[in-house]
Amino acid sequence: MAAPVRVLVWGENRHEQLEEHVRKIYPDGMHTTIAEGIRERLDDRAEVRTTTLDEPDHGLTEQVLAETDVLVWWGHAAHGEVSDTVVERVHQHVLSGLGLLVLHSGHWSKIFGRLMGTTCTLRWRSEQDRELVWTVNPTHPIAQGVPNPIIIDAQEMYGEFFDIPVPDELIFISSFTGGEVFRSGCTFRRGHGKIFFFSPGDQDYPVYHHRDVRTVIANGVEWARPEVERELPTLLRYETGEFHRGHDYTGPIQEPAE
Amino acid sequence: MAAPVRVLVWGENRHEQLEEHVRKIYPDGMHTTIAEGIRERLDDRAEVRTTTLDEPDHGLTEQVLAETDVLVWWGHAAHGEVSDTVVERVHQHVLSGLGLLVLHSGHWSKIFGRLMGTTCTLRWRSEQDRELVWTVNPTHPIAQGVPNPIIIDAQEMYGEFFDIPVPDELIFISSFTGGEVFRSGCTFRRGHGKIFFFSPGDQDYPVYHHRDVRTVIANGVEWARPEVERELPTLLRYETGEFHRGHDYTGPIQEPAE
Amino acid sequence: MAAPVRVLVWGENRHEQLEEHVRKIYPDGMHTTIAEGIRERLDDRAEVRTTTLDEPDHGLTEQVLAETDVLVWWGHAAHGEVSDTVVERVHQHVLSGLGLLVLHSGHWSKIFGRLMGTTCTLRWRSEQDRELVWTVNPTHPIAQGVPNPIIIDAQEMYGEFFDIPVPDELIFISSFTGGEVFRSGCTFRRGHGKIFFFSPGDQDYPVYHHRDVRTVIANGVEWARPEVERELPTLLRYETGEFHRGHDYTGPIQEPAE
Amino acid sequence: MAAPVRVLVWGENRHEQLEEHVRKIYPDGMHTTIAEGIRERLDDRAEVRTTTLDEPDHGLTEQVLAETDVLVWWGHAAHGEVSDTVVERVHQHVLSGLGLLVLHSGHWSKIFGRLMGTTCTLRWRSEQDRELVWTVNPTHPIAQGVPNPIIIDAQEMYGEFFDIPVPDELIFISSFTGGEVFRSGCTFRRGHGKIFFFSPGDQDYPVYHHRDVRTVIANGVEWARPEVERELPTLLRYETGEFHRGHDYTGPIQEPAE
């Protein structure tokens, strides 16, 4: 049997400290609730840890990342406080094979923007809209085990135009009471890493206690698990007929000249 | 009739200064030859200018970019010398609607990496391989007017795995004498901008004098031309029922809280 | 200047004859109203004709199709009455380069099913839902000139899961008062033909009088116009080094054996 | 642990009977060799059976299909002899969830054409070209465990333009000695079924004895395995607010009218 997938849930953990109403919904922090949901679904198929922004290096040292298969990211109020060094480190790990789940307001995190190359902006409103999450890719592993649609009684509205690259796979489209729609479940392959963006989930609503949302996140974790040994794609020179062994790049003008 | 498309060809212009054999092929600089090819094909449907790395601001001031519809980028030896400020400026313009053609070794330019979010590495060899450029999307406007395949007698080899996001549209696949293959013509939409990557073209070979290569580049320019008024996608709040007028974002915790 | 695009609007024309309330909305038939909308938008850039199911050969003879650039299809109650011979003829023309717009209930037409290879089923309800048509691909030519969202006050609901292949380009996603969502604007390239499916439009509602719907249909016509000479893709043998001239296929076992 | 995947390898089995040189390479029929390769790789994770064209119903009765998870299809010389009734039956099963692998010359089988909606033509030559199979999607499960490129010493050439819909995922691109390229590994989702087309493999060459080809086919089988209970997508009416239970369609004009 396959080894358990090593999951790290990263939480910004600011709303929980600053806002009483958030603390009521997520008394141990949102990251803890998200981690519980993954454990509940994957059981001994996963080893789930958590860390937060306020840890040294935001809890994302080289060693921690090397020992993580899938990183789950929730941030919102403090995207700007995430250090560029850490973002660069995570970026390199994702391109090398680290799986990444970006949740909800993580759409505006530095790491998601870096990977997408776009503004990742959208339209929004926090007025207790009902969100319906519709499956448009019913045979995708991430869509298994949930009804079509998933019904979330109260949620923040996220609407189009969502400025992302066209997803490799569009799995879910949400609608909201107000009539807006949103591409709420999207996969992207970048380098050797697999990325799943899933928008349901907000600090003001108990969305991470929702059974179907938990199932989707757990499915996403299993899907994003690396298929290959972690390795950054590298530019190499290959002699004619030498298909499987390349040479290091030595610069654009020196010999052998590219 | 539509106004002429305003094209700016950006050339690094270093090989031409440093290497005699390049100067022989491109006596007035590669950017000049590329610009000639576009003029030759589009005639009065285009206004084509050039600029180079050594100009102040690399010739890419805010005003110049605002007056450009499509930017064509050729760089190789000096990617690292392009200032981050200029890259950021070009990035914002592309997301706002500026069309961008990235040619050949521009795969490793800062601007392409920023837009793609990946390493953009590949395998390569400069040994005079013949390149055949095969059309796999025969009804795409960029593929019109060229034979299938385009035959380029001598070229640098670029091979897979090419670490880019899955293109929105794959138009050309190249093969090389040595047997390698490469996704050589790819489109990407990012924000309000359209991007066309086309790999044939190298300082050591007279590829930008090739009639079919010129046709493809000119087609790419016409395709990448902006459809909409230049405007950066922006995060806005929309009240229920207020579909067409949004409000500026005022931060994650202040009222109204996101 | 380019020659006018030759458009043929095909109407089933049954509801208009059988149902008084439809005749009130579309007194000259839905096909006539659709054709008017295209003429209104494209003016002298298009030559627009109409034909209907009850014509000999349903008005779709070999000659008529050969003289058409883009065929617009509206059918609903009588899909089964369309002869397989005519469907086969239209199919061959689309694969050879004829542009095709499939509107609304045409999702269940024989020709659309033949081209998609799937059931093309969906969920539906006709209860005067408001339909909002959201743009998710703002730089696509088909999305130009319409607000985001388009507001259609009353429409039949079409919802997911819509059993189609993943579209080459997803341009519009609709929501309905009841909360359903639908991929309402999709492009597909098949053979040498371009296909645009656009779902707004129903016999019970005056949708083809809606200005934005008319704009989208006209944009679709211009987009679907053939880029290449009409020719069916054909299996050919090519000798080594003979890239541009192939030989007819002579069967799987005879010499030269495949 | 998951139940073994039930695989059925369908062989046309004509070349083996008619041509001595094919019988030498595949003495028990190509289907037997293909089946052996899958058993070798998946061991007790698969139950692999074979059947052929000459069986009653071509060995593809309703019951056999109902007891199959993944169907592997090899045909070439006798596509026309496959009965339309059986093709229709397989088509319905694929849309309901049956996994399908189409190998090599199966590109021109009735079932592949029915699912794709295009001509599925290509360019070809049988002159012992070397085929190199390059991975362009290194994190896809189907690409695991094989070198990049796979080297096949002698093969029939299949080249572009290959008239298929744009694949949902492009995994492999092949090149041939003569310089042609081909999209040789492609996935498609249709209805509830997953389809993998893989072109290496021909009756004149021992390709199905090749270790890497066997790995890819076995990977494909595991990938194509159904995720959901077999069920044909069906058009249903849903009342407002009734998201999870639909009503049978009762026709276009009767009440309730669509």
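Note that the chains are named A, B, C and D in the order they appear, and that numbering of residues resets to 1 at the start of each chain.
Note that contacts are C-beta pairs under 8 Å (C-beta built on N, C-alpha and C of every residue); 3 or more make two chains touch, one makes a residue touch a chain.
As the structure is a prediction and not an experimental result, all values here were calculated from the model.
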For the pairs C-D and B-D, output the one whose chains share more C-beta pairs in contact.
-> C-D
Please indicate which chain is farthest from chain D, where distance is taken between mean Cα coordinates of the chains.
-> B
Mind checking the centre-to-centre distance between chain B and chain C? Centres are C-alpha means, answer in whole Å.
-> 33
So, what's the distance in Å between the C-alpha centres of chain D and chain C?
-> 29
In angstrom, rounded to a whole number, how far apart do the mean CA points of chain B and chain D lie?
-> 37
For chain B, what residues touch not just one other chain but two or more?
-> 132, 137-138, 148-149, 159, 161, 166, 168-169, 177, 179-180, 189, 243
In the complex, chain B residues that touch chain D = 130, 132, 134-138, 148-149, 159-162, 166, 169-170, 173-175, 177, 179-181, 183
Chain B partner, complex, touching residues on chain A are 15, 18-19, 76-77, 95, 105, 108, 114-119, 121-127, 129, 156-157, 159, 161, 163, 165-166, 168, 177-180, 188-191, 204, 232-241, 243, 246, 252-253, 256-258
Per the touch rule, the chain A residues reaching chain D in their complex are 1, 97, 132, 137-141, 144, 147-149, 151, 168-169, 189, 192-194, 226-228, 243-244
